[in-house]
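Every chain is named by a letter (A, B, C, D, E and F) in the order it is written, and numbering of its residues begins at 1.
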Amino acid sequence: MQNKIVVVKLTGKIFDEKELIGKYVELFEKLTNKYHLVVVTGGGKKAREYIEIARNLGVSSNYWLDLIGIMASRLNAYLLISKLYPKAYYKPVENLEELHNAVLSNKIVFVGGLIPGQSTAAVAVEVSEALSVNKLIMVSAVDHVYERDPMKYANAKKYTEIEASKLKKIIEQQILPGEYALIDVKALDLAIRSKITIYITYYREPENILKILNGENPGTIIYPR
Amino acid sequence: MQNKIVVVKLTGKIFDEKELIGKYVELFEKLTNKYHLVVVTGGGKKAREYIEIARNLGVSSNYWLDLIGIMASRLNAYLLISKLYPKAYYKPVENLEELHNAVLSNKIVFVGGLIPGQSTAAVAVEVSEALSVNKLIMVSAVDHVYERDPMKYANAKKYTEIEASKLKKIIEQQILPGEYALIDVKALDLAIRSKITIYITYYREPENILKILNGENPGTIIYPR
Amino acid sequence: MQNKIVVVKLTGKIFDEKELIGKYVELFEKLTNKYHLVVVTGGGKKAREYIEIARNLGVSSNYWLDLIGIMASRLNAYLLISKLYPKAYYKPVENLEELHNAVLSNKIVFVGGLIPGQSTAAVAVEVSEALSVNKLIMVSAVDHVYERDPMKYANAKKYTEIEASKLKKIIEQQILPGEYALIDVKALDLAIRSKITIYITYYREPENILKILNGENPGTIIYPR
Amino acid sequence: MQNKIVVVKLTGKIFDEKELIGKYVELFEKLTNKYHLVVVTGGGKKAREYIEIARNLGVSSNYWLDLIGIMASRLNAYLLISKLYPKAYYKPVENLEELHNAVLSNKIVFVGGLIPGQSTAAVAVEVSEALSVNKLIMVSAVDHVYERDPMKYANAKKYTEIEASKLKKIIEQQILPGEYALIDVKALDLAIRSKITIYITYYREPENILKILNGENPGTIIYPR
Amino acid sequence: MQNKIVVVKLTGKIFDEKELIGKYVELFEKLTNKYHLVVVTGGGKKAREYIEIARNLGVSSNYWLDLIGIMASRLNAYLLISKLYPKAYYKPVENLEELHNAVLSNKIVFVGGLIPGQSTAAVAVEVSEALSVNKLIMVSAVDHVYERDPMKYANAKKYTEIEASKLKKIIEQQILPGEYALIDVKALDLAIRSKITIYITYYREPENILKILNGENPGTIIYPR
Amino acid sequence: MQNKIVVVKLTGKIFDEKELIGKYVELFEKLTNKYHLVVVTGGGKKAREYIEIARNLGVSSNYWLDLIGIMASRLNAYLLISKLYPKAYYKPVENLEELHNAVLSNKIVFVGGLIPGQSTAAVAVEVSEALSVNKLIMVSAVDHVYERDPMKYANAKKYTEIEASKLKKIIEQQILPGEYALIDVKALDLAIRSKITIYITYYREPENILKILNGENPGTIIYPR
């Protein structure tokens, strides 16, 4: 009997804080008895450092800069795999075919970036779609979806739920600065077309994942319509 | 000495008309002496028929429906390969790594769809980006970019050139109906970020490709800004 | 505990009739609880259409024409996979090594053509041999083995059982016209050498598969001697 | 400018006689300047020894016995590669897709067995078909095609040329004992359908390959009709 | 519930004696119910014969000579697989990634050589390290570790246990002649760094494997310090 | 006509100093016209940081820690590839088979670590052996081979040439502390067996590579005996 698949996307920020990684590892170890986890890892600070070195060398191609970011996100995945093996599948998945194969193992499956020109948020929605999963937990650098950058606007409106199409419009109007961006239009479009509900939760609160699995809403729910 | 890479995207419609396929094959055979061709093939009518059969079976997952469309676009690629081999690389490329490898052969390289959730138009821009090519020829079902559907509005404004960001807005406002859509936002975003100029040309006029290579503009130029 | 492997070969004709595909899908869904199904899919009308397009382009190489037919048979496999996933292995198997790997998943495994110059009937026998299976169900365009083409000779002798070596001679004497041919010498030779009994059954009667599994003989049994 | 492809099939017997291997290596080194060689290697005595060990262990599956023979034929290929590298492609080709890829290297390409249930003679014809080559040199244990086994019948009729369809009939009538069989029906069928002329030559006379390339006929020509 | 992984290394000598192979096969069939076996196969006499042929051809590169030995060790693995399938994974593992994948099957996994310049003894330790196994059974041509070659020195000191670092020194001082060498420095270094205890046992006594699994010491224990 | 292969091993330290990377890139771009470069990249500071994170998570397996280091060394390779593409092969080579394939492209080929339990110095010797190259340039953190750590012993004896077997003894006697170690016994053993001369040169002086190619000796020559 296979456990139910749960897709979790981890912001790369987690890999910048050693204690946090440990907490997520513990959580995954606990959850793996009840759920079949598929975890998408972002890049974080080290990814940006590598990209910065390439830029300094004179690399301007977005393809190659993205590829370096993807490789760094996979290295983050390896960090978690190295600790969770043999409960984790032995390598980060590199494309959707490999995803289907890895999932057959019933192990925790890790996925980094997949393809240049695509955010790891979009990867996470794509992974959910490929596996016919309709709930996606996005562990993010922000605790909620806001109408504006909460760092700049103290009274920015905070959403506990929002429709994907509305969030799309907010993003398209570029009200949100790049650094704040927690999700992109591509990811939202895929979520809408495949009716995937997204749960945004704050990365410093790993236990929120449990809450979401128990039906609570500690952050923002993005409805696929 | 390697020839200059030229990326061409073929609408699937070409594969619905036997004489047209033959003309494009002839053209590619001629061009291959001067240019290193990379050709992205769309799906066309047969792709839609296969997808329709799957839908009739009760398949609702966009992932699987897209995948079937991708496989059909690769079968289209095989048609051209079977005729052009050994001037063509022996199989359709299935991801960007394989693209880099295939290009080393100096043969005509064919690419079908790559990944569910992505149009073959976006594939063509991605391929251009991966190969650092800044001009992309899109052989389309329409002869130009119009402000509205020319089938419905006889006096729809016709563009001989347009900025990608402007076209993006037209698309986002959904003025263009789905069937007419010749390009999507994702493709335009990639084109802008990587400064790829797109040449739209009518699929019933294969010789337009030569004109574009000679600096003429028989259709619409989409500037990456 | 693994279920017993059952190899079924489906004539491509099934894919030309939408309701039939649905019935086979239903049947496979039901059988998968008791049997480990390995299903070989033929090409059918669409395969011939693609091959025809290639021929029109001037392709005369049997290698490439066969390869296009193989790709079309794999697209047929994808139709069934898209409906049966996750009960089906996620892709059509492309060679015998991949077959062994796919079978480890305990999912329904689909196989299209494998290699130019070989019928899907021969593929089905090869698959049976590779998996040490000694019974093969061939869902065919004809309901029985006949001594001559039953379409032309109303009183053609109908076999309910026949020895493979005898059928081989009938085929070698070319009494059977190409279109009628339900099996070829290569397939029979493999069946004989590996003692695989073949059950011919009519494609319009999916329930015959159940009958055969229950020990009945609704068509023709070809004994491997 | 690529050299013309020449396909040569080597009987496994060559690998049983050390000096002979050396002579063929020398020949290939010389020929590689003018021709693009693709060489199919048979199994020979060691292959039979390995198969014998498996049989002694109780293995009766033809699939596995053939697979062991294939692996041994690839080891023979490695012997030649180890000596000819870097003039040879770095590994034996394992399927027809890999063949197309290997041929792009312009190196001498070696192929062992490909798939259980198929002789290396059939492999050689298949390789010729895949590469659109219409002449195939088969270096054989016998110097000519005979009507009966020349070992047993001193006055057996010797052919300097024969039609494939006629040879097929001789083989089907089982006049030729297994050990003598230099080619099988499957290989002849493929040769006929793809119009491949086969040149039989004696394995103890490596220089015959040169003669055949120069238009002479030191053995038997099998015409594809 | 997965069985505990046990890594066994078989000297190639086993493959030179037909009855012995059979006994090991029987043993593995019995053990597979209680243990998850991973078996590393050496090369033996046939490997040396192949290498000898290559040398006679004039091959001096250690890379290629080793590669031929590796291929022969994989053929040995195929002998065991052909008998044990489907209880055995369907092919010899060729690198450590494939090892992790094969182990997911819960079948008996066979490994031949992995990479030129590395003994199969070192492979066995590497496999143990990759799978976090801390006991390794080495079925060897000698029954114990001796201080000198017991063939030459009748009263050579025999160890029932020894520290890896001490054995390393004995080997480095070249007291042991090449033919006698049962383990190399590289393997011992890996064993020490990953705390893997090695059990040496005589290849003519297959039942010793059972003894070791039951906590006895029929040969020499090499402690990883 | 192919250029002569030159194998260069880069200490990971280069990737810790941005200007240095740029200088090596420039040098490689210049050299690629005359030489066919194969470059092995070490890990450096970032590799150690990743390994440190894993250790903090509680990972003690050397296999996994090494694997993370290997992945980091490949990321370093990607930095150089992203700048040198299309003069560089499009990805770091992951095993020796892939190396042979990559070398066929005539591009600059990059290799990171290959397998846990092996230094990138040993990788570089192995790569040289696989390609039959008998000179290897090792760009190192130290400018020469010393008898003791020059940091601690101001008057440590400096070698401008040394025999591999002598250096091996120095290393085995552990006179050299870990941090100083520029090469290991495994690498020296491989160099000796395959007669590969190693040129040690200081990483802060990229132009030394040119000197070595011109027959000078700006560091230490290690002779393979």
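By our rule, contacts are C-beta pairs under 8 Å (C-beta built on N, C-alpha and C of every residue); 3 or more make two chains touch, one makes a residue touch a chain.
Everything numeric here is computed off the predicted structure, so don't read it as measured data.
Engineer: Smallest number of touch links from chain B to reach chain E?
Structural biologist: The fewest touching-chain steps linking chain B to chain E number 2.
Engineer: Under the document's definition of touching, what chains do chain B and chain C have as common neighbours?
Structural biologist: A, D
Engineer: Going through B-C, A-C or C-E one by one, find the pair whose contacts repeat those of A-F for over half of the pairs by residue number.
Structural biologist: More than half of the contact pairs of A-F reappear in B-C.
Engineer: Hey, which pair has more contacts between C-betas, C-E or E-F?
Structural biologist: Looking at contacts between chains, E-F has the larger number.
Engineer: From the C-alpha centre of chain A to that of chain B, how far is it in Å?
Structural biologist: Here the centre of chain B sits 31 Å away from the centre of chain A.
Engineer: Taking the mean of the C-alpha atoms as each chain's centre, how many Å separate chain D from chain F?
Structural biologist: Comparing mean C-alpha positions, chain F is 44 Å from chain D.
Engineer: Residues of chain E touching 2+ other chains?
Structural biologist: 61, 85, 132
Engineer: Sort out which chains touch which and give me every pair.
Structural biologist: Per the contact definition above, the touching pairs are A-B, A-C, A-E, A-F, B-C, B-D, B-F, C-D, C-E, D-E, D-F, E-F.
Engineer: For a test of understanding, state which residues of chain C touch chain B in their complex under the given definition.
Structural biologist: 15, 18, 21-22, 25, 46, 49-50, 53-54, 56-59, 61, 64-65, 67-68, 71-72, 74-75, 78-79, 81-83, 85
Engineer: Touching chain A in the complex: which residues of chain E?
Structural biologist: 97, 100-101, 104, 132
Engineer: Which residues of chain A touch chain E once you look at their complex with the stated criterion?
Structural biologist: The touching residues are 85-86, 90-91, 105, 107.
Engineer: Going by the contact rule set out above, which residues of chain E touch chain F in the complex?
Structural biologist: By the definition above, chain E touches chain F via 61-63, 95-96, 114-117, 126, 129-130, 132, 172, 185-186, 190, 193-194.
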